[in-house]
C-alpha cells in the first residue's frame, strides 16, 4: 500500500498505513436487476454502480431498456429480481427484523425515493397550476415546507433555469423548452441527491433542445448532483458525461469514458449503433 | 295570461329549489360513487357498482314511488315529505350517472400526471386531491352539465308524487282554467329558460376554472 | 307483517307482466319512430338551406331541454283544442318518439361529422345528387359506428315509459300503482317493477357492449 507523502517529504499524519481502504459507497447501485414484461426481458441481470456526483449518460437503440432502468430507479416500474440501492439503502427492499431483505413497504419506499428526482420526456407538468405553483406544490404538500419558504425556493430555482419572468404563466402558455425547464426546477425543488433525465429533449423541436441542455450543463457544473440521463444527443453525452453506458438487450454492453466509448469502441454492436446514429444526424 | 304567470312562477321556484338541492346531493353521490368505484378495496368497489347499476337501471319514477309509497310502510317506517323524496330520489339517481361520468374523467387524466406525482413522492391522497381531481372535475363539466339539465327536466316527475312544482301547477291550472295552450306553452318556456341558465352558469364555471390553460397539450 | 310477501308477489306477477307488454310495445314503437325521424332531423340540420337548418336546430335544442312529461301533456291536453284528438297511448308514443328523435339526431350528427371530408369531396367530384350521396356513400359509413349509442337510447326510452302513467296509459308502473291502491301493499308491486327495469336495462346494456366490441376490430 502506498504511504501518502506530503510535498515536503514527511508522512501524512492523518492516514495510518494500516487503515483498510474503504470502498467508496456508490450513490446508486443496481445489483442483478431483472425486469420482464411477459416473455420480454427488458432488464437482464443488470449491474451498475454510480458514484456520488457522477454524471452517467445511457445510450442505445430504442427498446433496449434504457428508460426502464430510470423508471425502475424512480419506482415507476417494479422489478422482478435483484436489488436497487440509493445512498446505501435498498430501495425496493428493506431489511426485516432478522436482517433479511424483504419487499419494501410504502413508508420505506417513500423515504428512500425522496432522494431521487426525475424529469420526463413529456414534461408532465400540472396543467391546472401556474409555473410557480408547479414548483411549490410538492415541497409544500410532501416536505411540509411553509408556503413562503417554498415560494422563495421556487423563485430561486426558476431564476436558475431562466424563467423568472414566467412565474404566473400556465404550462400551456409556454414553449416545450420552457416547460421542460420548469419540470427540471420542479424536480430540483425536492432537493434530490440523484436526478434522472429520461430523454428530456426527445419531445422538443431541435431549436429548443439547446436551452434545456444548457440548464442541465449548468446544473452539472454547479452542484454535486448525481445524474443519470437517457439521451439520443450523442454530442451532449460526449461533452457532459463522466461515463457513457451503451445499453443493448437489457444489459450494459459496453461502458467507459466518453472518449473511450465514442472514439475507440471495443464491441461491434457499439460501433454499429454509433455509425447508424452518425449517419442519421 | 297575467293571472297564470304568478302561480306558474311559484311552481317554478319549487322546481329551482328541488334542482338546486338535488344537484348538491347528486354531486356528492357522484364523487363518493366514483372514488369508491376506483378504490383498491374490493368491497367498496362492489358497493359502488351496486349503487350505480341499481339507480341507473331501475327507472327514476319507480325510485321516486318507492321512496314515497314504500318507505313509509312497515318494515321501514321512514316517512319523508314529498320535497325530501324529490331531492333524495333525484340526487341518488343523477348521482349514479354522475359517478360514471366522473370515473371516466378521472381515468382520462394522463398517465404522466400520476408518474410525475410519484416522482415528487406525493401520497396517493395528495395526488388525488391536488392533481388528479382538479383536472378530472374540469373534464367532467360538459357531460356534467348535460346531467344537471337531465335533473332539471326530471324534477317534473315529482309532480306525480304530489309536490307542487312547475309541472304540478301547470296541470292544476289547466284543470281550473282550461287555458291549455298558454299554460303548457309557458311551462315549457320556463323549463327551457332554466336549462339555458344552467348551461350558461356551467360555461362560466368552466371558463373560470380553465383560465390560462388549454386541454390536450403535451402536458 | 312479512318483510316481502312472496305469495302476494307471485299472485300479482301475471298482472304486472301483462302490463309490461304495453311498456315494451310503447318503448319499441317510440324507438322505431325516433330512429327514423332523428336521421331526417340530423340531415335537415346539416342542410345549407337556413330556412330548414335553423328551425330544426332550434326545435332540437328546445325539446332536449324541456321535460318529456310536459311535452306529453302538451300533446294530450292541448292538441284536442285544435281538432287533433289523440288517445293517451298515441300521445305517449308520439311524445317519446319526438323527444328521443332529438337525441338520436345528435347521435347521427356525430356519426356524420366523423365521415372524412374526403368522402364528401369524392361525391361532389362524382357529381352525385345529395340524396344519392347520402344513401349510397355517406350513411353506410356514418351509421355503423353510432349503433351502440342508439342502443343506449332504447334503454333510456324504456326507463322513461313510466312517465306515461301520468296520462293514464296503463303500462307496468300504472298497473303497479293500481295494485298498490287496491291492496294497500306497495312494497311488492313497486319493487317488482324496479326489478323489471333493472333486469331489462342490464340485459340491453350487455347487448350494447357486445355490439361495441364486435364493431371494434372492423374499425
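The letters A, B and C name the chains in turn, as written, and every chain counts its residues from 1.
Heads up, the rule we're going with is that a contact is a pair of C-beta atoms (placed from the backbone, for glycine too) under 8 Å apart; a residue touches a chain by one contact, two chains touch by 3 or more.
All of these numbers come straight from a predicted model, not from anything done at the bench.
Contact topology of the protein chains: linear, an open path with no closing contact. Among all pairs of chains, B-C has the largest number of C-beta pairs in contact.
In whole angstrom, the spacing between the mean C-alpha positions of chain A and chain B is 48.
Computed centre separation for the pair chain B/chain C is 21 angstrom, with centres defined by C-alpha atoms. A straight line joining the Cα centres of chain A and chain C is 58 Å long. Within chain C, not a single residue touches two or more of the remaining chains. Those residues of chain A that touch chain B in the shared complex are 74-76, 110, 113-114, 116-118, 120, 122-128, 130, 137-138, 141-142, 169-173, 176, 179, 186-187, 190, 203.
For chain C in complex with chain B, the touching residues are 1, 3, 62, 64-71, 73-74, 77-78, 81, 159-163, 165-166, 173, 176-177, 180, 185-187, 190-191, 193-195, 197-198, 201-202, 205. Interface residues of chain B facing chain A in the complex, by the touch rule stated above, are 110, 112-113, 115-116, 118-123, 126, 130-131, 134-135, 138, 209, 212-215, 217-219.
Put simply, chain B touches chain C in their complex at residues 53-54, 56-63, 65-66, 69-70, 73-75, 149, 153-157, 159-160, 167, 170-171, 174, 180-181, 184-185, 187-188, 191-192, 195-196, 199.
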